[in-house]
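Just so it is clear, A, B and C label the chains in written order, and each chain counts residues from 1 on its own.
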């Protein structure tokens, strides 16, 4: 088991009550790979992402992020990751800029207002930077999520349906950001239903089916 | 130092939520005033009865409003998975707890300061000479209440039946806080008995210290899933 | 896999312990009801006190142990610690309910009312409320690990509140924060026969508590085992595809 794998799963099991969702996953993702994760609704994609983000505890087996166990070294894991929640994960009563400042305080990174302005411009929120998120559309919330993702400067991105809610330009922007991330050797794991875009972006595609992971062949449809 | 910044930002986002969702905040403030009025009606016309019940009514009104405001602070967190997202950052869980505690405590303090004059007018009680001690009681009592409210509201936020569960879980725990606060302020308002009030204040200090340490230490078990 | 009836059978030592409790219980009742002298002030009513106070003491110990096993579960994550915590919690609830019934029996003839705001009785009533909260939380969580961890947190908070609740209840009654903690609160010197009877009753109550707790924990472990086996079967139905490397 090389310690430098971005993600390593060993017999990972997670259930809710009596229902097992992940029934023993064994996976190794090396650093700098972009991986698309397919699977039907309820297949366990979000469960896996939340496990890797230390938000869920495994019922059995282990999950390691850059060699750190998500249960025993949660803090080390959280220093290396950034997440994009399916609905953006923003507070309705804060502005976009305040989210970036909040994140900077939580992550202990510099509070650089000019950089924040540039970042919000990059994701197309320049005009809405100081408006409350509750006035945002769902696509704008997703764009704010992208800005926070970039600001985090993380080594592993965990994206939950990143294309959903974004307009065509937004999806192009997302694809460009992921391609840039690969250039910086950032590892990306994205749960998605967006076949064409995701497969174009990804180095490899995985399918979660009946609680198990399997690799998707290049020609196969998910 | 950096954790302190995180604490202040968590508190700040909760307080910004309070000030920017004015309708909810005003409703909570008004709710305690209404409680005071209703309790006064229930007690009746007898002036000495009313005067004796003043501090009890005040703390009942604060307790009800405190439960609501603690639950609401997590309501905002749960929308769109914002709290979940916040917890994927490397912020210490203790800092999140202390930040939310700070916001909730400040809100309850403000509520208490607003309700004090209302109580004195409605219940015909006399302003005590040792009023700084009354403010100390208010500060220590609301702190103890907020310690438990923020902790248990986090615990119930992810459970079914959270609206009724929160008071069921927390009221038996805060009985000493309510008793000590009512008795201490009663001793000050009714009889200007400073020594008696200080005896109860010691209980408040002890409670606050024990639970401040305990809740901060085990809060991370509350927010994990 | 063991046969079901084999699995459910009590081990010999537990059966022997259970059988031994019968004469011990009778002896405790004899000491309290017949052997010990009448009280100067309360006459025969003092006899209720032996059962009442011993049950109350053990009830408090049971709450403390629930929190302790909960803390162990948080620390080591062994399922058996959670099983012990529940077993102890259930006994704590039973013993506090018995304490309240005993207290009401005691205060009706002495004080001519079923309920007094006596510190110990008030405290026990609060304890029942706290324990009910503990079990409501348990009932609301399906996942066994999360159920154990969240309820352990509740148990710790509950146990820490008991000294404060006691002090507040004590001071509330006397209206004055003065007295230090006196465990049984009577503070009166007892005749040696009375003291012996009380201690004997307490030891027997403790043994009864421990027996039921151990037996309940035994059933809890079987439950947990069956649950684990069921989970295993479900997982076993899908063949492992080997490690996926990307």
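Here is the rule we use: a contact is a pair of C-beta atoms (placed from the backbone, for glycine too) under 8 Å apart; a residue touches a chain by one contact, two chains touch by 3 or more.
None of the values given here were measured: they were computed from a predicted structure.
K.L.:
Spelling it out: a chain qualifies if it touches chain B and also touches chain C; which chains qualify?
P.N.:
Looking at chain C and chain B together, the chains touching each of them are A.
K.L.:
Would you mind checking which chain's mean C-alpha position lies nearest the centre of all protein C-alpha atoms?
P.N.:
Minimum centroid-to-centroid distance belongs to B.
K.L.:
So using the touch definition from the top, which pair is joined by more C-beta contacts, A-C or A-B?
P.N.:
Answer by contact count: A-B.
K.L.:
Roughly how far is chain B from chain C, going centre to centre by Cα mean, in whole Å?
P.N.:
Computed value for the inter-centroid distance: 31 Å.
K.L.:
Cα centroid separation between chain A and chain C, in whole Å?
P.N.:
Distance between chain centres: 47 Å.
K.L.:
For chain A and chain B, let me know how many angstrom lie between their CA-based centres, rounded off.
P.N.:
From the centre of chain A to the centre of chain B is 37 Å.
K.L.:
On chain B, where are the residues touching two or more other chains?
P.N.:
224-225
K.L.:
For chain A, what residues touch not just one other chain but two or more?
P.N.:
57, in rising order.
K.L.:
Where in chain C do residues touch at least two different other chains?
P.N.:
146
K.L.:
In the complex formed with chain A, which residues of chain C make contact?
P.N.:
Chain C residues touching chain A: 142-143, 145-146, 227, 230-231, 234-235, 238, 240-246.
K.L.:
Under the definition above, what is the set of chain B residues touching chain C in their complex?
P.N.:
148, 151-152, 155, 159-161, 165, 168-169, 171-173, 175-176, 179-180, 183, 196, 199-200, 202-203, 206-207, 210-211, 214-215, 218, 221-222, 224-225
K.L.:
List the residues on chain A that touch chain B in their complex, please.
P.N.:
50, 53-57, 75, 78-79, 81-83, 85-94, 98, 101-103, 105-108, 132, 141, 152, 158
K.L.:
Residue numbers of chain B touching chain A in their complex, please.
P.N.:
The contact residues of chain B facing chain A are 2, 5-6, 8-10, 12-13, 16-17, 20-21, 76-77, 79-82, 84-92, 224-225.
K.L.:
Using the touch rule from the top, collect the residues of chain C that touch chain B in their complex.
P.N.:
74, 126, 129-130, 132-133, 136-137, 140-141, 146, 149-150, 152-154, 156-158, 160-161, 164-165, 167-169, 171-172, 175-178
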